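Look for subunit A in each of the two complexes below; its partner is subunit B in the first and subunit C in the second.
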Partner chain A sequence: MSVSDRSSPGANGLLRLYIAGDAPGAHRALANRLRIMEELAGEVEIQVVDVLAHPDEAERTGILATPTLSDESTTPPRRLIGDISNIAQVLDYFGYRKKDSGYDHS
Partner chain B sequence: MARGAAELSEQYGDASLTGISQFDFRRLIETTADGVLVVDLSGTVLYANPAAAVIFGCPVADLVHIPLGRPIISGETTEITVHRPIRPPAEVEMRTVELSWDGRPALLASLRDVSAHRAQQERRRQSQKLEAIGRLAAGIVHDINNLLTVFESGLRLLRKQLREDPANPNTAMLIEELLKRTQNGGALTQQLLAFSRGQSLYPETIELNGRIKAITRLLERTLGNGISINLELDPGLGPVVVDANQLDVAILNLAVNAKDAMAGTGMLAIETSDTPGDIEEMPALAASFVRVTVSDTGCGMSKEVLAKVFEPFFTTKGDGRGTGLGLSQVYGFIKQSGGHIRIESAVGEGTSVHLFLPRAPRTGNDELQMQVEIRPNTCE
Partner chain C sequence: MTTAEEILIDPVLERVRTGIEAFDDLVMGGLPRGRTTIVGGTPGSGKTVFATQFLAHGITVLDEPGVFVTFEESPVEIEVNMASFGWDIRRWRENNKLVFVDASPRDHDQMIVGHFDLSGLLTRVLHAARNAAAKRIVLDSVTQLFDHFVAEQTSVRRELLRIATALKREGLTVLMTAERNSEYGEISRHRIEEFVADNVVILRNALDRERRRRTIEVLKMRGSRHVEGEVPITLVVKQGIVAVPLSSLRLEQQSSTTRVTSGNPELDRMCGGGFFRDSVTLVSGATGTGKTLLVTNFLAGGAAAGERALLVGYEESRGQLFRNARGWGVDFEAMEADGRLKVVCIYPEAQNLPDHLLMVRELVEEFKPDRIAIDSLSALERIAPETGFREFLISLTSFIKKHEIAGLCTATNKSLVGGQSASEQHISTLTDSIILLRYIQDRDFMHRGIMVLKMRGSEHDKQIRRFTIDGAGMHLGQPFDGAPDVFGDSAASLR
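What follows is the complex of A and B.
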């Protein structure tokens, strides 16, 4: 499944990861956040927002489910919900290209 | 909404569905207990059934057209948390497949609210912990009695000295000694309290060696003087992903079993290995798991007993000494963790319980499969 309507892939290099406290998916999402940032070698920063600690932030941004990885530089925001361990799928959706590290992480 | 139902039936053009009318198919989707969402590739909700609306805590009309986000296709069920107004968040299992909707590619996410099931699991884990604490408490009664005996003797001696020669320097020494013993007893109860207060959490990345050292400090005080503990911890051990609290309970259960098997005398060994392939026929295991082995020099088990050890309430212990839930908890913990368990034992040869725990993810979608093997020792 490809995305063709993205005008400026990885526009500002900032994504937000919305999680919910100690929920089962939260730990996995946090670990995958590090993998994604490592994969892109600093091209992207992923801010973490715990919606249980900051419910107002979730309400303001309209987050209904977590974990959600969100690019809020677009309108409406581009969002992925669920397990983000398939990094290739994540990068493809947000229009980032994997850095060639000489090591196959897949 | 009727449009959606019609297209779903076209998408699933299975012969078994050909006799179902569009109306019936729509009714099927709208009455199923699982939530159903159809979302376009930009993440906007195109269709929601009533069950999905219940999960999200809002009317169907409010759910349709909102920019929810694109559900990830992972080929398997994933867990998400749904946040809704007024009601507490719901733990939801989600499975996503591709489909065509109104002639365009879209995604169908089926949602199942497992909050009640999760709460039930949590209650079960708590009861298992209480069970383990009960076993632990039974094991330390002897130690507490010893401590009380020391206090009683010391206080009697103190009373005698105070009556006969209050200025004797031995009086002060005795008081100091008793105070030290008080601290020992306090340390023991603090450790017990810390253990009982720990909450069952979700799997997390932990450093296994450190966790084992911490629980061993508790074991040293409770297994009795006749049992020595030998730790062989692999310094190169990688991190694992388990419920740390359940791990403590599992190690404790294995240690208490070992203590009973050794009748109060012997050696308990806890070993960790970053290369579990050294005892496995399946080298691939080493890539996904680390091993922790709890061994004893006790009476061991026969094949007949081995075949039943994971059954809840199965015990070989006398009345009042065991409930048969110890190894059952260990099995449940391993199953929950996506790990493996293997027991080697022979009558008179002792028992080794090998736990294979999943490594912290390094490459993402590790396929972890639970497997249980029970293998009598070949030296039997």
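What follows is the complex of A and C.
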């Protein structure tokens, strides 16, 4: 991967989803996480971080709001705050295309 | 319901000392434990200093660890900025006495879609508090949190209330700073005080006649009493915020009946045997009437009686003062060499009034004088707004009396021949004694006249006496025959 690729969103296919325990927003975000991973058919992995269980991790990354979906492969990180219910918006923000759009992401 | 109300009016709320002594007095001993206090102020009013001092006092004096949640400066910036006040934040962090939650703006792209809460922040704050076993917590400033989520004000309000509630439940005493747009406008931006605060404190840094005037005011203390009104404060290196207490809070001075010499036996007789040990005397007169001479006598008389004397000069340099004294047969150099005298000269413009007051207080505590002379108050009046000057005088005179020091202050009349200056009007009720020095015209000759206008707690000579000045000092002569008008102008004087 060249340096210029760092600005390419989701280059390593890994996002992080910060949630807080079993709050209603967390449930919606977790459901939406599955939908997104399904849409992208294995192209992206979304790691779940429960800030209640890992406050140090939230401190390190500077998370204030939950849920937050974050792409930390870029500098600076790109973050989407909220329960990510609008899948198309999420994909667009992180620069992904749906598999069935015919666009060859690789 | 009743229990909640009972808690609200509980008169014995436990107090958390802030370490700002005179402020703690305003709020009956400190901030109520387990409550939320908003400290509002414009940029540069000292909010972060106040907040850090609150934590510092807990950590260094009362062994109460703290948490600092910063929404603006990074922890390292705060470490550096607060170092000049003598606070070793790095060491406290190493010893786990202070834990930071760094919520300062970080470099990231962010967009908000859909519902969210601030559980991330709350979790971090609670984690830090438990980690340090904290008793005190600062959030500086919550206004920045609103700015961070600028389109989501309702959510931030709701979440801030949730955070405040959670912190209270942990038994933490919470101090939140909030920004204000103007010194005398709305209490805080976003009206944070309305939904989250038990207590509201305002720091001001107002521009008054081209000078900064810092004050602190307690606006609201839920369920308990507090002293109302603005109190001057100043920022002091190695100390932090120092509130300058007003004497009206504590009128506890004892009245002494011990007399001390004015340094002039004839004047002592006019005063009924000298000045009182713990009294403040004002010498008022136009330029050249002999005020500085009276000051010199006062200092020399004290030194001769084995006392220590302090002179704070605002008008003349040390060189001038020493030369004047020599001209009247008084050797200041020898007195200083003996440790009987200390002369400090400073331009009034060099610092603000509260700083001048603190300087006098520090000098007194350090040198421990038996008498103090201040020459002149009028010079100080130049640099101060009227209200500030009156507060200064009240504080100064009460401080002098409380330390059982004999004080002599001078005031210069703008008019050469009588009339009252503003400082006279202020100080005449605050000082115990007033001595007037006046030019008095007698046909084609100008005399000097002296009179004791007021001498609290004592009989005194009511006559207006002539006096002359020569190489040996001041010599009192006969009373005037006619009735010179010492308050009016010279045209209406002796015929």
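Just so we're on the same page, the second predicted complex is superposed on the first by the 92 of 106 C-alpha atoms of A that agree within 3 Å, B and C clash if a C-alpha of one lies under 4 Å from a C-alpha of the other, contacts with A are read in each partner's own complex, and residues count from 1 in each chain.
Here is the rule we use: a residue touches a chain if its C-beta (ideal position, glycine included) is under 8 Å from a C-beta of that chain, and two chains touch if they have at least 3 such contacts.
Everything numeric here is computed off the predicted structure, so don't read it as measured data.
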Specify the outcome, clash or fit, for subunit B and subunit C once both structures are aligned onto subunit A.
clash
See if subunit A has more residues touched by subunit B or by subunit C, and give me that chain.
B
Could you say whether A:A31 touches subunit B, subunit C, both of them, or neither, answering first, second, both or neither?
first
Just to be sure I read the superposition right, which of the two partners does A:L80 touch: subunit B = first, subunit C = second, or both, or neither?
both
For A:D22, is the partner it touches subunit B (first), subunit C (second), both, or none of the two (neither)?
first
A:Y93 in the overlay: touching subunit B, subunit C, both, or neither? Say first, second, both or neither.
both
Which holds for A:T68: it touches subunit B only (first), subunit C only (second), both, or neither?
both
Mind working out whether A:D56 is in touch with subunit B, subunit C, both or neither, as first, second, both or neither?
second
Clashing subunit C stretch [against subunit B; choices 147-155, 309-317, 399-407 or 471-479]
147-155
Contacts on subunit A seen with subunit B and repeated with subunit C across the two complexes:
20, 23, 25, 28, 51-52, 55, 58, 62-68, 76-86, 89-90, 93
Spell out the part of subunit A that touches subunit C in their complex, as residue ranges.
18, 20-21, 23, 25, 28, 51-52, 55-56, 58-59, 62-68, 76-86, 89-90, 93
Could you pull out which subunit B residues touch subunit A in their complex?
41-44, 56, 66-74, 78-84, 89, 91-92, 94, 96, 98, 105, 201-205, 241, 360-361, 363-365
How about subunit C: which of its residues touch subunit A in the complex?
101-103, 106-121, 123-124, 126-128, 145, 148-149
Can you check the complex and tell me which residues of subunit A touch subunit B?
1, 3, 5, 20, 22-28, 31-32, 35, 51-52, 55, 58, 62-68, 70, 76-87, 89-90, 93, 105-106
